[in-house]
Amino acid sequence: MAMFSQNPLMNGPNYSFNEAPRVNAPEGARQHRFDPYTDNGGSTLAIAGADFAIMAGDTRLTSGYSINSRYHPKVFKIGGTTADQKDATLVLSVVGFMADGEALKEKLDSICKMYRYRHGKAMSVEACARRLSIILYQKRFFPYYAYAILGGLDEQGKGAVYSYDPVGSYEREQCRAGGAAASLIMPFLDNQVNFKNQYEPGSGEGHALQERERRPLTRAEVEILVKDAFDGAVERHIEVGDGLQMMVVTATGIEEIYLPLKKD
Amino acid sequence: MDHRPQNWGRPRDDVYGAYDGSYLQSSGPKQATQSPIVTGTSVIALKFKDGVVMAADNLASYGSLARFTDVPRLRSFAETSVIGFGGDVSDMQYLNRHLTDLSIDEAYAAPSSTDTTTSPGAGTLNAANLHKYLQKLLYSRRNNFDPLWNQILVAGLDSSEAPFLASVDMRGTAFTSPSLATGFGAALAQPIMRRYAETDEQAAQLSREEAVKIIKECMKVLYYRDARSLDKYSLAVVTKAGVEISEDEQLEQQSWAFAERIKGYGTQTV
Amino acid sequence: MTSIGTGYDLANSIFSPDGRNFQVEYAVKAVENGGTSIGIRCKDGVVLAVEKVITSKLLKPGANKRIATIDRHLGVVYSGMVPDGRHFVDRARDEARGWRETFKTPIGTADLASRMGGYLQAHTLYQYVRPFGVTAIIAGYDSELETPVEGEVGKGPSVGAGGKVAGKKHGGPFLYMIEPSGLYWGYYGAATGKGRQSAKAELEKLDLAGGELSLEQAVKEAARIIYVAHDDNKDKEFELEMSWISGADGPTKGRHEEVPKAIREEAERLAKKALEGDDEEEEKKDDEKMEE
């Protein structure tokens, strides 16, 4: 070996390309890395009533400070047997990264359809809620970056709302706000739906204060509440606005309502 | 002199230093595209009464270098749709080849385009179908961390023969609007187009001539303010009658008189 | 069929002592029973036509196409075993796609004929395959225009030499016919299937080599020839299927497409009329003879 070593630098082992020294390792300043996620803004809201559930979302789609679209629905009927979903019984809302949100919607929709074809009946909201959790959890190492809310009527006919985090943790709730303006809307719902911090007038002071008794809200009340919540969110959050889409799930079917919101 | 055959023809390490093979990236995870290289700037499009107008300039930039000045970035699909590409040009060319193969496959079973009893492209993919296809393609590439670095506009007619315009980006985010613009156009052209067509109803009032005029005006504004743009551009109009693309449009009646008044970022007055 | 029972007809890859491959010859027999297919190469395009024998009244009229598109500018029709023809079409589409992938440009008609000729020939060599039971007619119009290389950057220099030869004509209409042996030739007019003899006789009358026949005339001739060729097979009903390819400035803009219904029906009307005319003439002659 030494007989060949006229070159002092060659005395060490000759490297293969695999062992090449990393002189200019690619950590340069202009390095552009692919980020698979974006936030498309917008907000969603769901409230369960005694015999109905309302799912709502604004229709603005943003990226950064740009409004991509003024009408891009976030609330979808799920598990109908036709393209227009006219016999659907469940509603899903998604907010966050819309490409993931819509992929999630299409996956859940096809699962609900398969269930319906196999069993000859629509999936119950309880079963669908569990299934959605599993879908999200199965992708926990590359999550669907979407905050989902599932709404429908439970097997007693009561309004049901299930809310999720992006990796599948879920619970049934009376009401839930999701997305950009969730932190603005949620305290409002706590106060107006669950009567938090509301007390009976003249019931006393301190620990003697009596909480206002909770009662189920009527559909008309809830519709007004939803509109008020979004009007407030539009005022204070730049990613919320343009239009309000509401799906009202009742025993007779799902009714869709569209109301304009401020476009600024 | 090093006589070992494995070193024949190699630069001498004592003169040039050890070879830096780090760029070969043969160890560690596979790296897909991490950034676009040769790029195209904005694509803009606007719906009107009977169809959609789309435009994009013919420049492919290499960073700040105006590298290729005759690269049309609009293409037609099956004489029914127009597709406009912003972003990486090599990915555009890949998609172009892919879409050509797709259109040939789709045409195997399609009826004759010379048959006047059927509308052109009947029985093949319409613009809405094509947009959904591209959305799925780009989203699956994103899921594999091998994105196609483009923002794409698709224009044509939907299944009810109403004007259709939609966008899809490198992450698979898809949306539709009466007017759409990619890149700088989203900031510069979109406000102008929305002035004329805020809603679909307003867009349905526009004539073809009005829509073309608005698009041309937007291309001029983009050329004034986008440093990676060119005054030679392509203009496409898609209607029920088919697709017309002109690839050698020239910006007319430019006035740079405003330029001498601009100081700093344009808001400065003294 | 003196060869039967000698054993030389049982497999490919074995010659008979007098230098024949009997499997290939039997494949030709399969072709000779199929519906007649023809192709006409004229001055500004190519026409393909096929006599589609109706095997059942339960089949939907106009469905189950027999002429296939290979690439935008290429079409194929075949006589013989339809499943073999379908596989021929699949393979041709793969070849055309592969050519586009490697060369970024559409495959030429001659190149496709060469590739498919090689493929059919390979099916005469091996023990474990049988030859194709079809004779296929390939029609194509190679673009006479400067075809953009797919994915090229820019349009190239707008002036000056781009490596082109001045005055040289590029592209044009082409027609090839490939037989089960893998043999293929370029033709002005090609016919195969049951009625090929009378079809060939009619094609020879057209002076196709003279380059005078137009595409529109060729469509009418093609329809007439299929009707003439069908005369040999008169007891069975048939449908006429036709496709055509013109240059970029012609009716199909360089694409292979089905002949529009209106034009086809007009051609069929003229074909029927021409046939009746012939019959009347023959009857007249017979009458004259009687009188003598």
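Read from first to last, the chains carry the letters A, B and C; within each, the first residue is number 1.
Note that a residue touches a chain if its C-beta (ideal position, glycine included) is under 8 Å from a C-beta of that chain, and two chains touch if they have at least 3 such contacts.
Molecules present, by chain and UniProt name: A = N-terminal nucleophile aminohydrolase; B = Proteasome subunit beta; C = Proteasome subunit alpha type.
No experiment lies behind these values; they were computed from the predicted model shown.
*Asks:* Figure out the least number of contact steps between chain A and chain C (Proteasome subunit alpha type), where 1 means they touch directly.
*Replies:* Shortest path length, in steps: 2.
*Asks:* Which one of the chains is closest to the middle, using the mean of its C-alpha atoms?
*Replies:* Most central by this criterion: B.
*Asks:* In terms of CA centroid distance, which chain is the most far removed from chain C (Proteasome subunit alpha type)?
*Replies:* Of all chains, A has its centre farthest from that of chain C (Proteasome subunit alpha type).
*Asks:* Please state which pair of chains has more C-beta contact pairs than any other pair.
*Replies:* The largest set of C-beta contacts joins the chains A-B.
*Asks:* Round to the nearest whole Å and give the separation of the Cα centres of chain A and chain C (Proteasome subunit alpha type).
*Replies:* Distance between chain centres: 59 Å.
*Asks:* Give, as an integer number of Å, the spacing between the C-alpha centres of chain C (Proteasome subunit alpha type) and chain B (Proteasome subunit beta).
*Replies:* 41
*Asks:* Calculate how many whole Å lie between the centre of chain A and the centre of chain B (Proteasome subunit beta), each centre taken as the average of the chain's C-alpha atoms.
*Replies:* Using C-alpha averages as centres, the distance is 30 Å.
*Asks:* Among the residues of chain B (Proteasome subunit beta), which are close enough to touch at least two other chains?
*Replies:* none
*Asks:* Where does chain A touch two or more other chains at once, residue-wise?
*Replies:* In chain A, nothing touches at least two other chains.
*Asks:* For chain A, which residues are in contact with chain B (Proteasome subunit beta) within the complex?
*Replies:* Contact set of chain A toward chain B (Proteasome subunit beta): 4, 6-10, 14-15, 17-18, 20-26, 31-34, 36-38, 40, 61, 63, 66, 68-72, 97-99, 102-103, 142, 263.
*Asks:* Can you list the chain B (Proteasome subunit beta) residues touching chain C (Proteasome subunit alpha type) in their complex?
*Replies:* Within the complex, chain B (Proteasome subunit beta) contacts chain C (Proteasome subunit alpha type) at residues 38, 60, 68-71, 89, 93-94, 96-97, 100-101, 104, 107-108, 111-117.
*Asks:* With touch defined as at the start, can you tell me which chain B (Proteasome subunit beta) residues reach chain A in the complex?
*Replies:* Listed in rising order, the residues of chain B (Proteasome subunit beta) that touch chain A are 1-4, 6-7, 12-14, 18-24, 26-27, 32-35, 135, 139, 142-143, 145, 147, 167, 171-177, 186-187, 190, 198.
*Asks:* Hey, which residues of chain C (Proteasome subunit alpha type) end up touching chain B (Proteasome subunit beta) in the complex?
*Replies:* Touch list, chain C (Proteasome subunit alpha type) to chain B (Proteasome subunit beta): 68-69, 71-72, 93, 96-97, 100-101, 104, 150-151, 153-155, 251-253, 255, 257-262.
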